[in-house]
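Listed next: structures, encoded as structure tokens.
Two complexes are shown next, each including chain A; its partner changes from chain B in the first to chain C in the second.
And now, the complex of A and B:
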């Protein structure tokens, strides 16, 4: 049936958790692309047939014309679905830049197609350019601040790091009382957890 | 910034503090609320942002000075909290705008009125975003479709209008509060629905119908 694969792609989008990515469904995607090309060929041959019969292509309303219309509409529908699929994924990828940071963890990267990875990098670079032009880091302070200091626990062996203006030994499971702005970058990378219970 | 933090400071700082408590922070808060609630991107508040950033800089210097000369840590942390809040507002304001640009980049860059609402940096960001998105869509879908169906704006070569561009839903409902009495206000073109907007009353209306009031600053979104 025409357009079935494309609707499957979209069903996959709507059934997945909001903001989460699944593996790029290359199989169905390629199938739909092929379907588009078949539609186009069928469309062209019907058009040729109308012309060969010596009929005016603009005004003829015979079976071949309506057949061509079906192919045309199916192709457009497939295009919309493919675009929606890729575009929606790109939107999630954009949101990952805010949530996860400039480097994607491997388990997410595996789910991306090459051009999506490239898009993420380009988009991230565009954002970084804006931030550096503005000279104000927009990736911190994601939640409204309650207290300037928070209690954190270190989740990974970070070792000595410069936090604020002092050097701290951030060993695994150690707890610190830090400035929220200093801790936030570690929290977003999953290296620390916020114990303030907010 | 909160007005409760000036106890025990000399008068110069008090003056400075009351100055900022009455004006720009409130304005920034309102600009942030409007931007957060409006479905489309609003005019960039260039001078307000400029002033807020200068004040944040001043506050940062003050906090640093206090830390150095050993002022009461409680005072310092109150100042710091104030500073953090304002910085959050500023960052969040800019962030919301960027996220709107990310969402409607193509629509914004094709509509002059919207494009002119962006700051210079935002325009550059939008330009880059659009280029990247176009490149990505072309690479993964459009270039592989048959001739005549490769446009990013149109479904096919036979579409007369650009019918593939995501646009914000302007007829969504928003909560709003009128600043002063606007009087009888016509909600739609047909003139069937007229609302008497009284100052400080809360309304839930379609964004589209009060768009002009928001732009003129007569009504605040909440």
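And now, the complex of A and C:
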């Protein structure tokens, strides 16, 4: 049946949880592109046949015409499916920059295609440029904090890190009293836990 | 008109419906019963909605009412709307119904859809707000896509309300990272 592979791609997209990425399905993606090439060849040969019979391609409504129409519609459908697949992945990738930060953890990185990684890097670079131009970090929390400092617990062995203007030893399960803006990136990466509870 | 990239709209348009061809078409492998590579005039074929819709506009096919809108389903809905397994019949029951009604010229489909939705809506909302999480999966298997989204919306609004009332940490780990356990856990 025409357009089946393309539907499969999108079903996979809709069955995954919102905001979660799966591996780029290169197999089906390329299969659909091959299907498109077959449709294109069939479309061309039908059009040639109409022209060879000496009929006007604009007004003919014979069996060849409808065959060509079906191939044309299948091409449009496949195009829409492929575009939607890439578009939705690109949206998720964009949101990663805001949620996770400029560096992706490895388990996400391996799900991306090369071109998607490049997209992420370019988006990140564009955002950084805009942030430095504005001189305002746009990725921090939108709600003003009640207290500029929060209590956090370290969930992973980070080791020595430069937090704010001092170097801290962030060992596993140690607790710290940090500036909220400094802690934010660690919390969103899952390396720290917010203990202040408000 | 739905968004060009709308996933649900695209999947909905992949639903198969049966049509009868008024014209012949060459060079297409749509008819599984035909030996040659073409569709003959008058043959009945199952086509996905996106193809059937466009061919209908060109007056090349006529569309038969899909099984999920037939008399048998209507009787079941009248008996007890909330217990009918619509997910199994057609995952995009309402969306497909809305699109197909003007094409088959059946005026009763519209009111039938409205009746079905109003009967089931009440049930969906009350279950979403009251039932414990363990009961939900069995009931969820009966819902169409649209109803599932409503159910999720109701649940998440309740969760947000609870969070607002009881409080909780404002910062959380990005949800995309939460799925995998660390190997040393």
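Note that the second predicted complex is superposed on the first by the 185 of 198 C-alpha atoms of A that agree within 3 Å, B and C clash if a C-alpha of one lies under 4 Å from a C-alpha of the other, contacts with A are read in each partner's own complex, and residues count from 1 in each chain.
We take it that contacts are C-beta pairs under 8 Å (C-beta built on N, C-alpha and C of every residue); 3 or more make two chains touch, one makes a residue touch a chain.
All figures in this text were calculated on a predicted structure; none of them were measured in a lab.
Asks: Superpose on chain A as described above, then tell me if chain B and chain C fit or clash.
Replies: These partners fit in the superposed model.
Asks: Just to be sure I read the superposition right, which of the two partners does A:23 touch: chain B = first, chain C = second, or both, or neither?
Replies: Neither partner.
Asks: Considering only touches as defined above, state whether A:133 meets chain B (first), chain C (second), both or neither.
Replies: A:133 sits against chain B, while chain C stays out of touch.
Asks: Of the two partner chains, chain B (first) and chain C (second), which one does A:80 touch, if any: first, second, both, or neither?
Replies: both
Asks: Would you sort A:51 into first (chain B), second (chain C), both or neither based on which partner it touches?
Replies: neither
Asks: For A:109 in the superposed arrangement: first (chain B), second (chain C), both or neither?
Replies: In the superposed model, A:109 contacts neither chain B nor chain C.
Asks: Does the superposition put A:171 against chain B (first), chain C (second), both, or neither?
Replies: A:171 sits against neither chain B nor chain C.
Asks: When the shared chain A is used to line up the two structures, what angle, as a multiple of 10 degrees, is there at the CA centre of chain A toward chain B and chain C?
Replies: 90
Asks: Name the contact category of A:141: first (chain B only), second (chain C only), both, or neither.
Replies: In the superposition, A:141 contacts both chain B and chain C.
Asks: Kindly classify A:60 by the partners it touches after superposition: chain B alone (first), chain C alone (second), both, or neither?
Replies: Neither partner.
Asks: Between chain B and chain C, what is the shortest CA distance in the superposition, whole Å?
Replies: In the combined three-chain model, chain B comes within 6 Å of chain C at the C-alpha level.
Asks: Name the residues of chain A shared by its contacts with chain B and its contacts with chain C.
Replies: In chain A, positions 80, 83, 87, 141, 145 sit in both the chain B and chain C interfaces.
Asks: Where on chain A is chain C touching in the complex?
Replies: Per the touch definition, chain A meets chain C at residues 1-3, 7, 10-11, 13-14, 19-21, 42, 45-46, 61-64, 66-71, 73-74, 77, 80-81, 83-84, 87-88, 96, 99-100, 105, 107-108, 141, 143, 145, 183-184, 187-190, 193-198.
Asks: Show which residues of chain A lie in contact with chain B when the two form their complex.
Replies: Result: residues 33, 36-37, 39-40, 72, 75-76, 79-80, 82-83, 86-87, 90-91, 94, 98, 113, 115-116, 118-119, 122-123, 125-127, 129-130, 133-134, 136-138, 140-141, 144-145, 147-149, 180-181 of chain A touch chain B.
Asks: Inside the complex, what are the residues of chain B that reach chain A?
Replies: Interface residues on chain B, with respect to chain A: 53, 77, 80-81, 84-85, 87-88, 90-92, 94-95, 98-99, 102-103, 121-122, 124-125, 128-129, 132-133, 135-137, 139-142, 144-146, 149, 155-156, 158, 164, 166.
Asks: Which positions of chain C touch chain A when the two form their complex?
Replies: 4-8, 10-11, 13-14, 16, 23-28, 30, 38, 48, 50-51, 54-55, 58, 60, 167-180
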